[in-house]
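This report concerns only the one structure given below.
By letter and in written order, the chains are A, B, C, D, E and F; residue numbering begins at 1 in each of them.
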Amino acid sequence: MNLIIEILINQLTILFALIMAVFLGFELISKVPTVLHTPLMSGANAISGVVIIGAIILVRSSGSEDYLSLFFGSLAILLGTINVVGGHAVTNRMLQMFRKK
Amino acid sequence: MTALINLVYLISVTLFIIGLQRLSSPKTASSGNLIAALGMGFGVLIALISPVESGDGNYFFISGALILGGGIGLLVSTRVIMTKMPEMVSLFNGLGGACALLISIAELLNFHYLETFELASYLTTLLALLIGSIAFSGSLVAYGKLSGKIKDSWKLPRANMINMGLLLTLMGISFYQLQTLESMELVILIAILSLLYGITFVLNVGGADMPVIISILNALTGVSAALAGIIYDNMIMLMGGILVGSSGAILTILMCQAMNRSLINVLAGGFGGEVGIAAQVGDQTVKEVNIMDASIMLRYSTNVVIVPGYGMAVAQAQKICKELEDLLEEVEVNVRYAIHPVAGRMPGHMNVLLAEADVDYAKLLDLDDANKFLKETDVAIVVGANDVVNPSALDDPGSPIFGMPVLEILKGKHVIVLKRSMSSGYSGIENPLFFHEKTSMLFGDAKKSLNNLLDELKTTV
Amino acid sequence: MVNIGILKSHKQAPLGVTPDSLKKWLPIKINFLIEKNAGIFAQFSDNEFLSEGAQVVSRIKVITQSNILVISDDLTDQDLALLHIDTLVLGLLNPYNNKSFITKLKKRNQQAFALEMLPRTSIAQSMDALSAMASLAGYKSVILAANYFKGYFPMLTTAAGTVPPAKVLILGAGVAGLQAIATAKRLGAVVEAFDVRKAVKEEVESLGAKFIMVEGLQNDMDTGGYATVQKEDELTAQRNLIHQKVIKADIVITTASIPGKSAPRLIEKNTVNDMKLGAVIIDLAAASGGNCELTEDQKIINHSGVTIIGDSQLAYALTSEASKLYSVNIFNFINHLIKEGLESIDFEDEIVKSTYIGKI
Amino acid sequence: MVNIGILKSHKQAPLGVTPDSLKKWLPIKINFLIEKNAGIFAQFSDNEFLSEGAQVVSRIKVITQSNILVISDDLTDQDLALLHIDTLVLGLLNPYNNKSFITKLKKRNQQAFALEMLPRTSIAQSMDALSAMASLAGYKSVILAANYFKGYFPMLTTAAGTVPPAKVLILGAGVAGLQAIATAKRLGAVVEAFDVRKAVKEEVESLGAKFIMVEGLQNDMDTGGYATVQKEDELTAQRNLIHQKVIKADIVITTASIPGKSAPRLIEKNTVNDMKLGAVIIDLAAASGGNCELTEDQKIINHSGVTIIGDSQLAYALTSEASKLYSVNIFNFINHLIKEGLESIDFEDEIVKSTYIGKI
Amino acid sequence: MTALINLVYLISVTLFIIGLQRLSSPKTASSGNLIAALGMGFGVLIALISPVESGDGNYFFISGALILGGGIGLLVSTRVIMTKMPEMVSLFNGLGGACALLISIAELLNFHYLETFELASYLTTLLALLIGSIAFSGSLVAYGKLSGKIKDSWKLPRANMINMGLLLTLMGISFYQLQTLESMELVILIAILSLLYGITFVLNVGGADMPVIISILNALTGVSAALAGIIYDNMIMLMGGILVGSSGAILTILMCQAMNRSLINVLAGGFGGEVGIAAQVGDQTVKEVNIMDASIMLRYSTNVVIVPGYGMAVAQAQKICKELEDLLEEVEVNVRYAIHPVAGRMPGHMNVLLAEADVDYAKLLDLDDANKFLKETDVAIVVGANDVVNPSALDDPGSPIFGMPVLEILKGKHVIVLKRSMSSGYSGIENPLFFHEKTSMLFGDAKKSLNNLLDELKTTV
Amino acid sequence: MNLIIEILINQLTILFALIMAVFLGFELISKVPTVLHTPLMSGANAISGVVIIGAIILVRSSGSEDYLSLFFGSLAILLGTINVVGGHAVTNRMLQMFRKK
């Protein structure tokens, strides 16, 4: 319990951001027409690929002999990039259909 | 320094927000996606060039992985056919989860070499591992189910119990690990159990509920990204992750609403129960369609036929039919009415009502013309008609109405039937149309259904 | 080659064939024998029939040479004498009200089919001449009423005052009644309707009109789409209500009938006495006795300022339209009848069975 | 106390007063002298008038004792002999087509007011009997046409085939034409209309009907709401188009007229020859010569299968309704006329001035 | 400790956000206000009980001021009449600014006794002082103008120049003060100049633009509160202030849009020009209404009268009238149609069309009934009618239609006129109704306007 | 310039919050019907009275002889309270009209 409070206090920024983000997320999404649910989900999914930045930092700050980190990190970058690039590309294709023939 | 970099990342976060905002309206969605992508590109760029405290750069690996990943992503996404999009999203989402899983494992391994050891940080990383793993394996299962590789019938017995058990075990082990902090084996175990949980969690969800589950998994990936952001004290990951997490959570709820189901219901389905979307009648099943799918089907059709019947008259839905026609014609969908000679309860019943609604006579097709037009029809909407669209008149010599000329509605690509129940029409005979694979039912009073359809359609037109 | 003969009618009855409908027959090899001047009421000339490939011949020739004879009036004894016993006779034979002619046919052992007796099933509907005629009659009854009524049907707010809408009451909402409802509504009248069958309420409302509910009316008088006779104890409440509604109405159109029975009496003389000056009653059940006590078939009478028109054959006033529809009914019926050939009529078939008039 | 006299008409003309309208007069102290049996066509009994406080008296008494005399027919010389020279005479005097009677009045120096000559301003509209009558005539013309037409007006898809909608063509879309359009549309017909005044296009479309545009028709023939005579060079294109439209129509209703002039001829005999069998023409401009060459006023003729009904007084067929509206017009007009008292009529007032028929 | 307190303040901030969110929809606005007030009460409570580093508490002063202030606030706000609300808001806003002004002066004075001296903090405090002062004096001037105490004609010559000059001087002195940090006199001078600037800034804004200016000043108060929040490292002030600042800024822009003016225009007006809100026709002005206001007016009415005229027929808007009726009846608004005897171009023109749209005959009122009903009418919507609602027929003996019975539309509370332009009707005469204060015009094709209205109404129903 | 950057970096939390708040504000407000403009402004104005918390802290942490601070602070509390209480009360009254009778 203490641990959690400690974390909360230390990460006040995050907490604020979280609250704001929740409200913002709600306001942004609540008026979305149902047809956009899937594209939106797909777009959000692409954004969640932001985790590759962590992977990049991991690899960059690893020693060149730290094979474990290098392997895990590179694989993470690979997968994350697929997520990001593929996600945005697929979203884009889905949204094509809103451009009337 | 970190602060300055975070300041620069702010641009990316802002772009994410703008992107999401624009993604939520059909007109701006396309540009929203691009803007979000821009934000991501910028973020990656900064991650590549910003100074790091230690490490050898390893740009070879990084650029290799980036190029390879980008290539695969592009290739896959351009190849996939439209109907496979949802499973693609699911797959991608799994990869994001895997990414989080991998870096958190790496970080957990590294923890042992760090001087300062923060319990909070360790917990965060462990959480990222846990959630990332669930997102990863869950998404893969979802992908499998959607693509048909995993059969809907492969269900766990007592899934509810299994899930609960797994979750409790996971929590127990994690807690123990936090106390001892030593065993790397336990970390691996946690990862494995999480992966397992992801599988069991998704496996029992009904096929129609898949989108909701994907949305949940997507939100989880976002949360794991945010947790990873905390590990690296990195604003873009943190904020991007939170945004995805929160909007994903809300999207999940909205999706449930759109399907007229509660989230608990969907998850309960996921925990063992079987709540299919299709109703069972005798030994045959009928397929229900939801308003949004129906509206998209109509919106992106070229030719639409409205088939009015006695139910349209009962519901007094003629004016809304006309409105639907107007709205569709506005987006260049061709709309016609197929008037069967005996539709309704008196000769010309449909004519009277449609004339009252000011439908152009030129849009009314009689039996022969309608049957011709139906060949090129994308969607036929049957508004409270029954006997006049009964295909047994055509192909079932045993039927009392065999030989009667009917609208050959199955010549079209899709059929949407609006009625209140499965009850029969004037002749009192069953209608195989309702069980046909081309047919989707939209149950409810025709006027109400059409009104809902219209409202939905307006948001997309 | 089958010969189908069409006799000229003495009245404005619809004709079983039109120049247009002859085109439909083309794929089936049929020879048409049409009596001279048969199209006179329906406004078709003999030439038009000729140019569609039919033969226009004398009455005698039609009667003697046809395999199937479509008639609109009773055949005279003279005609019957000429008629071959294998010839199929069909048409609107009026089997309920014209027993004598039917008996003659039966006695002769002539194979005859009365279209009135078609079952009210979906599949029979394309042959259902009663339906087509009732629809026309329903429409025409409103037009006629509007023509006799000395006021507007619709509500109009004008500089010279507001004209209230005409009140139209429809008694009996079968096919004719429903069409009358639809037509009167179109013209802007306020329409109410009454019937004894329960299903009718929904049907009336499906046309946007109001259905009159009689409190405590328990039984559903429905047998295969047709009504049956009501019990006396139910009638009182119903009579009172109808009385109230009728005296408030500007136009009353009655169509209530029960096949084979005399028409139910819905409007008594004293009700008419209480009606508004200038009101109009159109009684489509006139032939079977009328729904109004004062109705006289094929007559227009004025009773204390109320015009009462009794006419069960209003559809015939629209002869050409009626013929167009009727000819399609005949086409569908004959086709159904002889689908296996003239010699192998399936007397087990529901449609054939119901309409067949055979030996006594 | 002002005496207003109402004379009985020999034809079905609307009556200037109804038992109902008498109630409106109550606040103003007016004495009504009504000729015996005046209400016979409009279905009002003398008793009804009596019970509203009017006096029912002999013709002579009405003529001699009234300050204001409302008439529907020309006064005979006998009547005129009895008439006091100060009595105001008013009504639909038919000033354009009945010059002889008007001249008589003028010669006598009788003060008379012809309601036909009211200006077409908003404020005069509540007195505008022509408008009220034209509206009735427009409605009635369609009912009549529907009654004569041997088919359905609306489109109906039935088991016995699809009946196409009737095609109705309206020539001249003034008040009567517009009402005809509205009524025919209601009944489900396909309606087209033509007129020479430009403003009419929008008005026709405001009723949901189609306006026929003649290419190259430049001039707007509008003078204060009334049309004027067209130039010859414009007529050819117009005639051709109308010919084309007429021969395709099932029903043609013509209302084109130009006040004080004979009605424009829009349908020639050869056009009628080319029309469909069973088509119906209703010519509301019959009194001033008719829009159709073959029209005969107050007659129904059949020309090669086309029924032509010439009747400019169709409104009178709806006598009681017409009287109700007309009596309001009369009420409003007299009230306007004598608002300052019978002796101080404001002859500068636009309404009074326009309708006034004074000395030669 | 501060962190923990801030954590507790989070609750208040969340309540603020929820409050603002609810304030932005008519249905929830009332509760939104209460929720925000709750957040404020909670915040004050925490401020009262949370531990402070030093100081003597001084609860006597605090409670005295709180009680006194609360009493005054309540008293004033319950006494003020409805039409004086905007000036009240302005006055209150000024007090908020004064509050910021006072505490920043006090803090600036205190700075001299503090050991640690942070330039950034000093700058923040100075900014709070500056902005608070502007908000204070500006709001007071706005209050004065709205309440008529300051005449609109009291304008500065060359206001543009004066404002610029003041602003530059202020910036110069502030910069100098930041360099030297010594002179308390300069701080006072800055305060005085800021107050002056607030006055000159607002003085020249046109009366109709006042709401926009108040919104700006409101945003400024928010910003000053946020700055004060930085001084005290206090989350609730910071976040509350930022929220007010940002939403105030956006509200300002929206208000300008609603008035069909650009912000620059308003401010330019503020710098000298005079641009009214209403369009000018001849020497009379007409007031336009926007769809949203019109829809809310209708939504919260008890009785609504639709007055159809020839324009409804031209636009073929009868069906949408009926839809509007249906929608309003759904929320228990009474709808009637007032049919003038000569509306349209033929007797019964309106009847024909409304019957086609299936309007119940019982809802049609003729002239007399309509005039009775109009007395209890909240909103009368005139759909393309003109002559038949021309009040000169009633009160202008010079008018050609004087004496003609017309719909006495001004008996109702509000009138909304739907037409395309200011052009006249059949009679060709001008209609004073359009210039009446009860009337708002909604220009455009009647069908389109009604459609927009309907769409808007659907969002609030 | 350096000063500003320094502040920005130090107050990163605020900056994030600011961006979020701006977006949130935009999303919250952008769909507001015009009739609600004034009540909303009034409500926001009441919230801006949050500055009294600063005044309370000021007074609480002042010495009891620091008359200047006490005076300024108490006055600030007074004025701020009027703003808060009056603001919410006035808003409430304005919103009465949206309660359906």
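Convention: a contact is a pair of C-beta atoms (placed from the backbone, for glycine too) under 8 Å apart; a residue touches a chain by one contact, two chains touch by 3 or more.
Given the structure is predicted, the values throughout are model-derived calculations rather than measurements.
Peer 1: Looking at the contacts, which chains touch chain D and chain F alike?
Peer 2: B, E
Peer 1: For chain F, which other chain has the most distant CA centre?
Peer 2: C
Peer 1: Between chain C and chain D, two touching copies, which fits better, same or different residues at the interface, with half of the numbers shared as the threshold?
Peer 2: Mostly same residues: over half of the interface numbers shared.
Peer 1: As a quick test, compute the distance in whole Å between the mean CA positions of chain B and chain E.
Peer 2: A distance of 41 Å separates the two centres.
Peer 1: At what distance in angstrom does the C-alpha mean of chain D lie from that of chain A?
Peer 2: 80
Peer 1: When the centre of a chain is set as the mean of its C-alpha atoms, what distance in Å lies between chain A and chain C?
Peer 2: 75
Peer 1: Residues of chain D that contact two or more other chains, please.
Peer 2: Residues 125-126, 131-132, 135, 154, 156, 158-161, 163, 186, 188, 208.
Peer 1: Note the residues in chain F that touch 2 or more other chains, in rising order.
Peer 2: In chain F, the residues touching two or more other chains are 10, 12, 16-17, 21, 23-24, 27-28, 31.
Peer 1: Give me the residue numbers in chain B that touch at least two other chains, ranges are fine.
Peer 2: Each of 17, 21, 239, 341-342, 347-348, 352, 355-356, 358 in chain B touches at least two other chains.
Peer 1: Give every touching pair of chains, nothing left out.
Peer 2: Pairwise, the chains that meet the contact rule are A-B, A-E, A-F, B-C, B-D, B-E, B-F, C-D, C-E, D-E, E-F.
Peer 1: Would you mind writing out the residues of chain E in touch with chain D in their complex?
Peer 2: 310, 313-314, 316, 341-342, 344-349, 352-353, 355-356, 387, 393, 400-405, 426-427
Peer 1: State the interface residues of chain C toward chain E in the complex, per the touch definition above.
Peer 2: Residues 154-163, 165, 188, 190, 208 of chain C touch chain E in their complex.
Peer 1: Report the residues of chain E in contact with chain C in the complex, numbered from low to high.
Peer 2: 339-343, 347-348, 350-352, 355, 358, 361, 364, 366
Peer 1: Quick one: which bits of chain F touch chain B in the complex? Just the residue numbers, please.
Peer 2: 8-10, 12, 15-16, 19, 23, 27
Peer 1: For chain D, which residues count as touching chain C in their complex?
Peer 2: Interface residues on the chain D side: 43, 125-126, 128-129, 131-132, 135-136, 139, 143-144, 146-147, 150-152, 154, 156, 158-161, 163, 183, 186-188, 277-278, 305, 317-321, 324-326, 328-329, 332.
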